[in-house]
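You will see two complexes here that share chain A, one where it goes with chain B and one where it goes with chain C.
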Partner chain A sequence: MAQAVFTTGKARGWSVPRWRPRQATVLAFAMLAPSLLFLALFTYWPVLQVIWQSLHGQLRVGGPQAYVGPQNFLKLFADPAFRKALGNNLIYALGTVIPSLVLALGFAMALVKSSRVNALFRALFFLPVLIPLVAAASIFLFLFLPNVGLLDYHLAKLAISGSNWLGDPDVALWSIMALTIWKNAGYYMLFFLAGLQAVPADAYEAAILDGAGPWQRLRYVTLPYLKPTIGFVLVIGLLNVVTQVDHVFVLTKGGPSDSTNLLLFYIYQQAVENYDAGRAAAGTLVMLALLLAVTASSLRTLERSFGEKEP
Partner chain B sequence: MSAATMSTGVSTGEITPKLGYTATLLIAGLWMVPFIWMLVAAFNPESTGAGMASLVPSYIPTLANFREAWASADFPRYGLNTTIISLGILAVQIITITLAGYAFARLDFPGRTVCFYLFLLQLMLAPVVLIVPNLTTIAKLGLYDTLLGVMAPYFASAFGTFLMRQAFRAIPRELEDAALIDGASVFQRIGFIYLPLAKPSLVAFSIVSVTAHWNEFLWPLMVINSPDLRPLTVGLASFTRGAEGAQAWGVIAAGTLLVSAPLLIAFAVFQRAFVNSFVSSGIK
Partner chain C sequence: MTTTRRTLLAGAALAASFALSPACAQGQTEIELFFPVPVDGQLARDMGVLLKEFNEKNPTIKATPVYTGSYDETLIKTRAAMKAGKPPAAVIMSANFLLDLKIEGEIHPMDALIKADGKTNDQFMGQFFDALHGNAVLDRQVYGVPFHNSTPLLYVNTDHLKEAGLDPDKLPANWEELVTTAKKLTKRDGDRVTRWGMMMPSNYDYGGWILQALTQSNGGEWFNVNYGGEVYYDTPSMLGALTFWSDLVTKHKVHPAGVQAGGAVSGAFLAGQTSMMLLSTGSLTHIRNNAKFPYKVAFVPKNVRNAVPIGGASLVIPTGVEGERRKAAWTLINWMTAPEKSAWWSRATGYFAPNKAAYDTPDMKEFIARNPDAGIAVKQLDVAKPWFATYKTVPVRKAIEDELAAVLSGKKTPKEALAAAQKQADEIMRPFVEQTALKLPTN
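Let's look at the complex of A and B:
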């Protein structure tokens, strides 16, 4: 409101001479130029480059780059390792985002009341967010170590024999997912803590007067109010799932037999280990498409929070 | 406040919220296990053997593992490299986002909306996904295996620009007008009016930016080749690989603690600022 008053200053016409339009345009683009230069170099140009590269390749070994049509994509999708990585990423997405979301909501609801004890526990849940993913992976390396590792050692005391957490192709991805949930739940909790502040106390009181139990209040009061927060956290969670693979690098390098390979790590392998630029570009493009699909769904939220039109 | 009382069941005497609270505290204990192990193992006089899985220290703490870690990897240099990278990125970002933020907040120009969406595109396409083509660009610019090469792709920040734009918009125009009458140039007005008043946003952005780049791994791994230029994360990964072969778990724990400590200490000191900036960050 106050802002509306201030910004109408221009319309009132009394004020000091404003920038003449042309001058303002020159100044604006001069000020945007540094950002636009770096955006062009490291955002727009690479996108164009992967599009070009995904359509080109060497027709024979050592030959010049030639247009090959959709061949890179066909080869990409014909590669079992890529299909495995795509499938893994899907399982990984569902298996980490949903549990982290539920845990984060639970933590936030339990710890929303401000007290010294709750503040301490909130901080504890937030600690994993602050350490590098590589550091987390280094710790979990011992946690998952067969026989003498932290997990097996304590399971053995309970007379349970643990599995080969990172060595068994059926288990490894789930172990990686446990690490991801541990790392991210505290981050999402922050957003739910902020979102819960927006739920009016009256709503709960009315629900209690109507005889609603705790689960009904969660279903009919809390969750409807948290809808925007849930959507927001879902997008951040999906972005994390696609863009963070450091732990895969340290713990399993995508193995055993590609059971923990994820898209970004596959692309990294194609580019750095196999020197297959065409396939890496095609893979990058597939990933960009996935990212756009995720972020486009949240475009309206982005526009609202950063948008041109102020409320 | 009363929402809080409800969820802990104080006013209704319900059992479910109490169970939820208890479960949360128990899970918190579980959440701490990796950290507790790291501490217990790092100060253990031993580094290998069957006793490493203990979560209760049964020894006189020593720094032997830290000495070993310190000797087998050049952590001070890695730390210096990481500091240069994170602060270098931040320094350039503050300039680019301030300028662009001012243009979006206070200037009218044709193509504003187009520019807005051009910036938004960076938020939608996370830079880390473009590592492969960006590596080609970095190599062409002659920045392969340099710290500048690690930093360059992050010099523009759409998130920071939009954050500064919001902050600048909330500042009354009258203040700028007064300075304009006094003959202050546009850069003086930004430096003496806008930036000081936008300090909270600047701090929030700085914390998010430094944390993100302090912890980054895959991109520096691709750009850096010389061991001398490795940042902490890359150094830790290769150090871990070496120590894993020797089964030196205590040394790994000590090294991991060394790498994680700076941000954990910063968090302990500036807890509120950290939490606030992470909430406002959302999309980096």
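Let's look at the complex of A and C:
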């Protein structure tokens, strides 16, 4: 069918050149149609629905949805729990992305040479990536159990009494961050391993001849070459900290006292526990805007660093 | 290409089976039952067995069990199905969600169905323990049928009692005895506690329920049973209860600080790392099967009176289920809550059978004789009261649970915490209150 359209278009194109672009457009859209249809059904239409919902709410308890203007957004920003979730997410982002990046780079540099031992270690560091986050969180639930958990069991042998890892508002977020770093560092290592292959050996040779120490080589040779990789991993890492809350759901449900509540989990709470679809939609839009801003700015730096590398 | 063809074939086969299935089931009313499993996987199989038997006994109905996760997830999935215009015919719903569902117009009274069976509401509800009526009968109309229920219970490791030179037959009955016993049972290695005297779960959902038990044991009520817009957080009875819990942590040092999850508490008890705990009667079977030491259970210790909240779930029919499907759902509900089935489910899970007559069946009498702990749990129903339920139950409960966590972590005093919780709960319930109790004639 598509083939037929294509050939006729081509044939006519020779005689009447004016028609050619329109036929090509039709063909392009015909070929795009299936995926456009599904994109529209499952992406754009829901986005429109969320926008609609964010401007609507119940005026009367148990009543129908009515237009409420920006009220959902005003209530959202006035909610201390939302501000807390926003702050938590910021700490969570900084506290997981940077350590995971540093660890991943360290692993990659240590294991960059291909050998049997290194292959084994690469596999070991990559293992956490293969475990679904929900499953990983369920395992950590047992590690973190106060008194009986693996962590406290070993600490007790050293006569140290462990903390209430998930039940202390000062500690819980850090416990969750530790899990995230453990889960993601191996994944990012993979990108750095690939990135390191692109660093030319003669660059190192030149640096060594110039008398550069290991730190200087890292600072002035490795890192500049890895810039695009770092940029890319940064985007993925930032997207991860906003879009993944499975472990919060399994381990703490945002508690104790909202100390581990993250944006996406807050939205879930509004929609499900509070049964306030309007505020949940408003929260979703705010999160979406943040994500877009983060991605756009990171991608721009990414492009710039790609551009820089070109001679 | 082969994969595509295979997928197509599979798709066609699937479509055909969909098209054929209604034809096969002609003359049958198809209904589905949404059910949560709050305990473990075995129960999902038990539910399958139960409904298979129902289908065999009722050839005109084909009931399908649909596993829907936890209580909270079951609520979400039910609401999603209703929004999609395909409500399940019956749902096993957490008993304290019924008021919320009623306020939102998502369930309707079952009075007409009861009347069609030639019974009055009182006659119908009379078959269930009195303590369960409060969460099922709202404004004198029946909105749900109790299916399986629980109360908090004191579990004690009697080996530890003997070891500490205490009488294993005398369990703490009041707060005074609880503190002295817990102090004797707590073991320390320098500054490090190797065994706690007492543990109570304080994670979301569980914490509120346990705090309600302490408040009621302290003479309090927690919420207005007759009106969904009032909670009594900032009151002396609640202050006493919360201070007592906080004292166990900071003053008597017999209870670990911070939030303890339900699973962590039962785990610590089974591992011998806590000697006593307050936990649901729904965990009885789990503890009985896994404890490697003798244990005993007792009523929740009192300060002012013996009183506990109920927990568990009721069967409801969502709004939008009409005609034959509604009748079929009603048949299923009655079948599942009849004495025989109720007793069977209770033995499988550890929950109470809400139907009083279940305890007169020979199987159940024998079971209680063999497991006296289950008998004590049932006796506590005499002093049980309705479970906390208001407009927007979950966030109103979370308001105090967040403060409870702060108190147990030493971040706030009980007095400050209760004032903050009251303020927040009032704020959440304000829309409802303004449209009900504060909606007054203007001229």
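The definition used in the following text is that the second predicted complex is superposed on the first by the 267 of 311 C-alpha atoms of A that agree within 3 Å, B and C clash if a C-alpha of one lies under 4 Å from a C-alpha of the other, contacts with A are read in each partner's own complex, and residues count from 1 in each chain.
The criterion applied here is as follows: a contact is a pair of C-beta atoms (placed from the backbone, for glycine too) under 8 Å apart; a residue touches a chain by one contact, two chains touch by 3 or more.
Just so you know, these numbers come straight off a predicted model, no measurement behind them.
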Inset, instruction - Identify the partner contact of A:170: answer first if only chain B is touched, second if only chain C is, both if each is, neither if none is. - result: second
Inset, instruction - For A:139, select first, second, both or neither according to whether it touches chain B, chain C, the two together, or no partner. - result: first
Inset, instruction - Spot which of chain B and chain C makes contact with more residues of chain A, would you? - result: B
Inset, instruction - Have a look at where A:223 lands relative to chain B and chain C in the superposition and call it first, second, both or neither. - result: neither
Legend entry - Partner chain(s) touched by A:148 [first = chain B, second = chain C, both, neither]: both
Inset, instruction - Using the touch definition from the top, say if A:255 reaches chain B (first), chain C (second), both or neither. - result: second
Legend entry - First (chain B), second (chain C), both or neither touched by A:272: both
Inset, instruction - Answer with first, second, both or neither: which of chain B and chain C does A:212 touch in the superposed model? - result: neither
Inset, instruction - Once the structures are superposed on A, label A:234 by its partner contacts, choosing first (chain B), second (chain C), both or neither. - result: neither
Legend entry - Those residues of chain A which chain B touches in one complex and chain C touches in the other: 141, 145, 148, 272
Legend entry - chain A residues touching chain B - in the complex, by the definition given at the top: 2-3, 6-7, 9, 15-16, 19, 21, 24-25, 27-29, 31-32, 34-39, 41-47, 49-50, 53, 103, 106-107, 109-114, 121, 123-143, 145, 148-150, 152-154, 182, 186-187, 190-191, 194, 196, 199-201, 204-205, 208, 213-215, 217, 232, 235-236, 239, 242-246, 249-250, 264, 267-268, 271-272, 277, 280-281, 284, 287-288, 291-292, 295-296, 299, 302-303, 305-306, 308, 310
Legend entry - Complex interface listing, chain A residues touching chain C: 60-62, 141, 145-148, 156, 159-161, 164, 166-170, 253, 255-258, 269, 272-275
Legend entry - Residues of chain C touching chain A in the complex: 72, 75-76, 79, 100, 103-105, 189-194, 196, 202-204, 256-261, 263-264, 267-268, 271, 273, 391-392, 394-395, 398, 401-403, 405-406, 408-409, 411, 428, 431-432, 435
Inset, instruction - Spell out the residues on chain B that touch chain A in their complex, using ranges where they run on. - result: 1-9, 11-12, 14, 16-17, 20-21, 23-25, 27-28, 31-35, 37-38, 41, 50, 52-53, 55, 95-97, 99-100, 102-103, 107-110, 112-113, 115-116, 118-137, 152-153, 155-158, 161-162, 165-166, 169-170, 172-174, 177, 180-181, 186, 211, 214-218, 221-222, 232-233, 236-237, 240, 244, 249, 252-253, 255-256, 259-260, 263-264, 267, 271, 274-275, 278-279, 282-283
